[in-house]
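Shared between the two complexes below is chain A, which pairs with chain B and chain C, respectively.
Showing the complex of A and B:
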């Protein structure tokens, strides 16, 4: 059984300028100990997916349908206090900006104490400090930093602390939403190395949300490519990267410059759709070089092709 | 000045930009002053139609270099020469002319564009300020600039507001605004880092096309090495206010010499994992506080190859052959 299974999830936002369908029927499975990458551009729905799993969506969002099965339980049907038990203990989330999980007026140690207390761990101050120090050290942050405030640390260290907090209660699943995007190149590489270590030492499953296919290649066993609120391709990372089936995946991979590769870039024509009125049929058709009449009128279902899922009439 | 620099469009000569740091009471009493050495002796040249990529992490000083070139920041010492003339000695009409010839594009079009003004008004604005042409001519030139960046039909985009555009389109508006004065040199500070992945290749391709069509020279500032590879002729790698390596993109990317350049290249998350491990040099820790620079080579506390020499003397930028410059004791003999 999968650790996490998302089935036909639909989420919309009500904004002043109209209703936006952020997720239009997204399905995804993540096995025990697996790292699954979710790749997409802004507006693809990848962050909405992460937030919906933990029911951390903003108030103007509505879950319109679908299921989020975690170890067989549908998280969408749980009471709020049951959900609070799940967050942190079973599923933790780390964000792009570590300040979303760190309080600027609290020392690092207090973040851990609060977390332990909230989940009724019942540790003494000394025990809490010892455990928090241990996990910080595993994340490459010296124990002494426990007494510091977030602003006294570098961006990379703050993100390490945020990951340490995420792992503090030893969750089964870690959702990492663009956690290296705000970091410098070298620090980004260090955090990726850290996540590789985490999956081995903690056996944590990771849902790794990013816009960077290169990071997915480094880290993820499987990858889901999202476009305009839908999954267009899903499969083993190596296969998807070496032989992408969906035209969007192909175009995305070809548009990214590679050092040592061709300097003639192949940009994807056009722009992502306005999600208030997504195009009919296949949502990629206005930008797709292969689009036909069928693509303009008929929505391609996500079909199994070998051990890959693809949503394209012509894949 | 040598003859070689005479026909270069832009030359930076030993540019230093130090920012004074707010003093503590102790420092006020003792009369001491501390400076943040944002740029500490940077020299490079950009020829006509050339694209130089200035690569570095945040805090390396690359943006300060850009701001100095457009005259937004005054250098502590050193010179910025445009066609051999010190831009900080220009005034009156000469200065206005320089400002027309050098234009800048910023990182975030959501910030650099005014949300309340129509796109056309903003693209046309530099012409209004400089009092160029009749109102009809200005509008015509704004249309042309919009067309040049691929926002067609221009009449349609002229009327829109920034929020009605995608991130990539907004950045193209910012580029159109920079182009409307028909500059010779474009300073592009991280122009693709805040836009969507699929729009990045569009903007890079556009910048290359502008160079081809208009002979535009460019200072392209980025932390993204892959984009520097795709767009630039030459690349300068900066670390803590200094250039540590300089050369053609082929020289620097296929034969990186400085441990910092090698670490940076190794950190690029490549699509094929093996490639990454091959060149990777692991640096220790993170960039130190720029107010408290280590003595000797600035990289020495983090560098796996650091020796005694690196801790005492600062390596000079020397030519290791064919115009490939490196500032590292590993390559300087004696």
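Showing the complex of A and C:
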């Protein structure tokens, strides 16, 4: 059984300018100890997916349908109290911006002791300090940093602290929402290495949300490509990257720079669609080089192709 | 000790000295002034001796063997102006402290609740607070003092209500911007409930702005208290009080008995100035955002 299974999840935002469909029927499975990458442009719904799993969507968002099964329980039907138990202990999340995801007036150790207290761990101060120090050291942050404030640390260190906080209660699933976007390339590589280590030492499953195909290639077992609130391709990372089936995945890969690559970078023409009125048929058709009349009128279903799922009429 | 360099250090030093003097005099005043504070008599060898009224400063009164000096003179009823000045400091400071604490705590709590929960409650509280804020503090305090009556607690409450909106508005504004910060969401993701988020994540982040408002409220409360007792809404006579004495002194001022009113007035000015300078200096020195680079 998969650890996490998202079935046909539909989420919409009600804004002043109308209703926006953020997720239109997304399904996803994540096995025990697996790392799944979620890739897509801005506005493709990948962050909404992460928030919807933890039920932390903003007030103006509505979950219109679908299920989020975590260890067989549908998270969307749980009481708020039960959900609070799950957050942090079973599913943890790390954010994009390490500069604002730690409370500026709390020392690092206070972040940890609060987390322990919140989940009734009942540690004494010394025990909490020891446990927090241990996990910080595993994340490559010296133990002494426990007594420092976030502003005394660098962005990379703060992100390490944030990951340590995420892992402090040994959750089954870690949702990493663009955690390297605010960091420079060198620190980004270190954090990715850290996550690789984490999956081996902690056996944590990771849902790795990013727009960077390169990171997914390094880290994820499987990859989900999202476009305009829908999944367009899902499969083993190696397969998807070596032989992409969906034109969008192809275009995405062609726009990633490669060292020693001779080909010119191919930008994807056009913009992501206006989600107040998504295009009929295949949502990618206005930007797709292969689009035909069928694509404009008929929505391609997500169908199995070998051991991969792809939503294209011509794949 | 090195000389203060910046404006902040100067105001801290001056404010600290002035406040220090006022506080020391308020606490130890009764041991310094031996004069009659509330009655027209001084007791010499447990015999009451009437003090002549309207004595100018530095007058000496000889009673038998003993000589008493009235450094700041006596008022229209023969009471020691210095003694009343020192005794009055206690009341003023107590009222200012109490009302600052009450308004700070109540305003902060309401601001936290209002900002965090939002919705109808937030609307209602904001409208109430804004309408309170639109009235001058002294007017609210007068109205409430008239309603509640005199006395330390009543006066403090009346003044406190006038300052609650300042704290409410500031804290609510802070909360509104803080509650969407990623670290708050991070706490929520790690399973924190609303109470823990407001108290442990948001509240400590509002302390810097609260701290910069406290001395201002304190100084303002001194003026408001003086204003109330000037109008006779403060404390029951004959308990010494600066505002009350200032008002009485005003009636005798043009007749040439200037010392009755001038000294309480000066005391008000000095203590308000002291607390404002202290607050400004602390703010300048403790708040990194105001450091000059």
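Basically, the second predicted complex is superposed on the first by the 311 of 315 C-alpha atoms of A that agree within 3 Å, B and C clash if a C-alpha of one lies under 4 Å from a C-alpha of the other, contacts with A are read in each partner's own complex, and residues count from 1 in each chain.
One rule holds in what follows: a contact is a pair of C-beta atoms (placed from the backbone, for glycine too) under 8 Å apart; a residue touches a chain by one contact, two chains touch by 3 or more.
Keep in mind that what you see is a predicted model, and the values were worked out from it rather than measured.
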Touch test for A:258: chain B only (first), chain C only (second), both, or neither?
first
Which of the two partners, first being chain B and second being chain C, lies in contact with A:213: first, second, both, or neither?
first
So in the superposed three-chain picture, is A:105 touching just chain B, just chain C, both, or none of them (first/second/both/neither)?
second
Thinking of the overlay built on chain A, is A:192 touched by chain B (first), by chain C (second), by both, or by neither?
first
Figure out whether A:268 sits in contact with chain B (first) or chain C (second), or with both, or with neither.
first
Comparing the two partners chain B and chain C, which touches a greater set of residues in chain A
B
A:41 contacts which: chain B (first), chain C (second), both, neither?
first
Touched partner set for A:306, first chain B, second chain C, both or neither:
neither
Under the stated touch criterion, which partner chain does A:184 make contact with: chain B (first), chain C (second), both, or neither?
first
Contact residues on chain C for chain A in the complex?
181-183, 185-193, 196, 200-201, 204-205, 207
So, in the complex, the side of chain B touching chain A is made of residues 57-58, 166-169, 196-202, 204-205, 223-227, 229-231, 253-254, 263-273, 276, 283, 286-287
Complex interface listing, chain A residues touching chain B:
41-42, 154, 156-157, 184-189, 192, 211-215, 217-218, 241, 251-253, 255-260, 263, 265-268, 271-272
Would you tell me which residues of chain A are touching chain C in their complex?
54, 56, 84-89, 92-93, 95-97, 100-106, 114-115, 118-119, 162, 165-166, 169
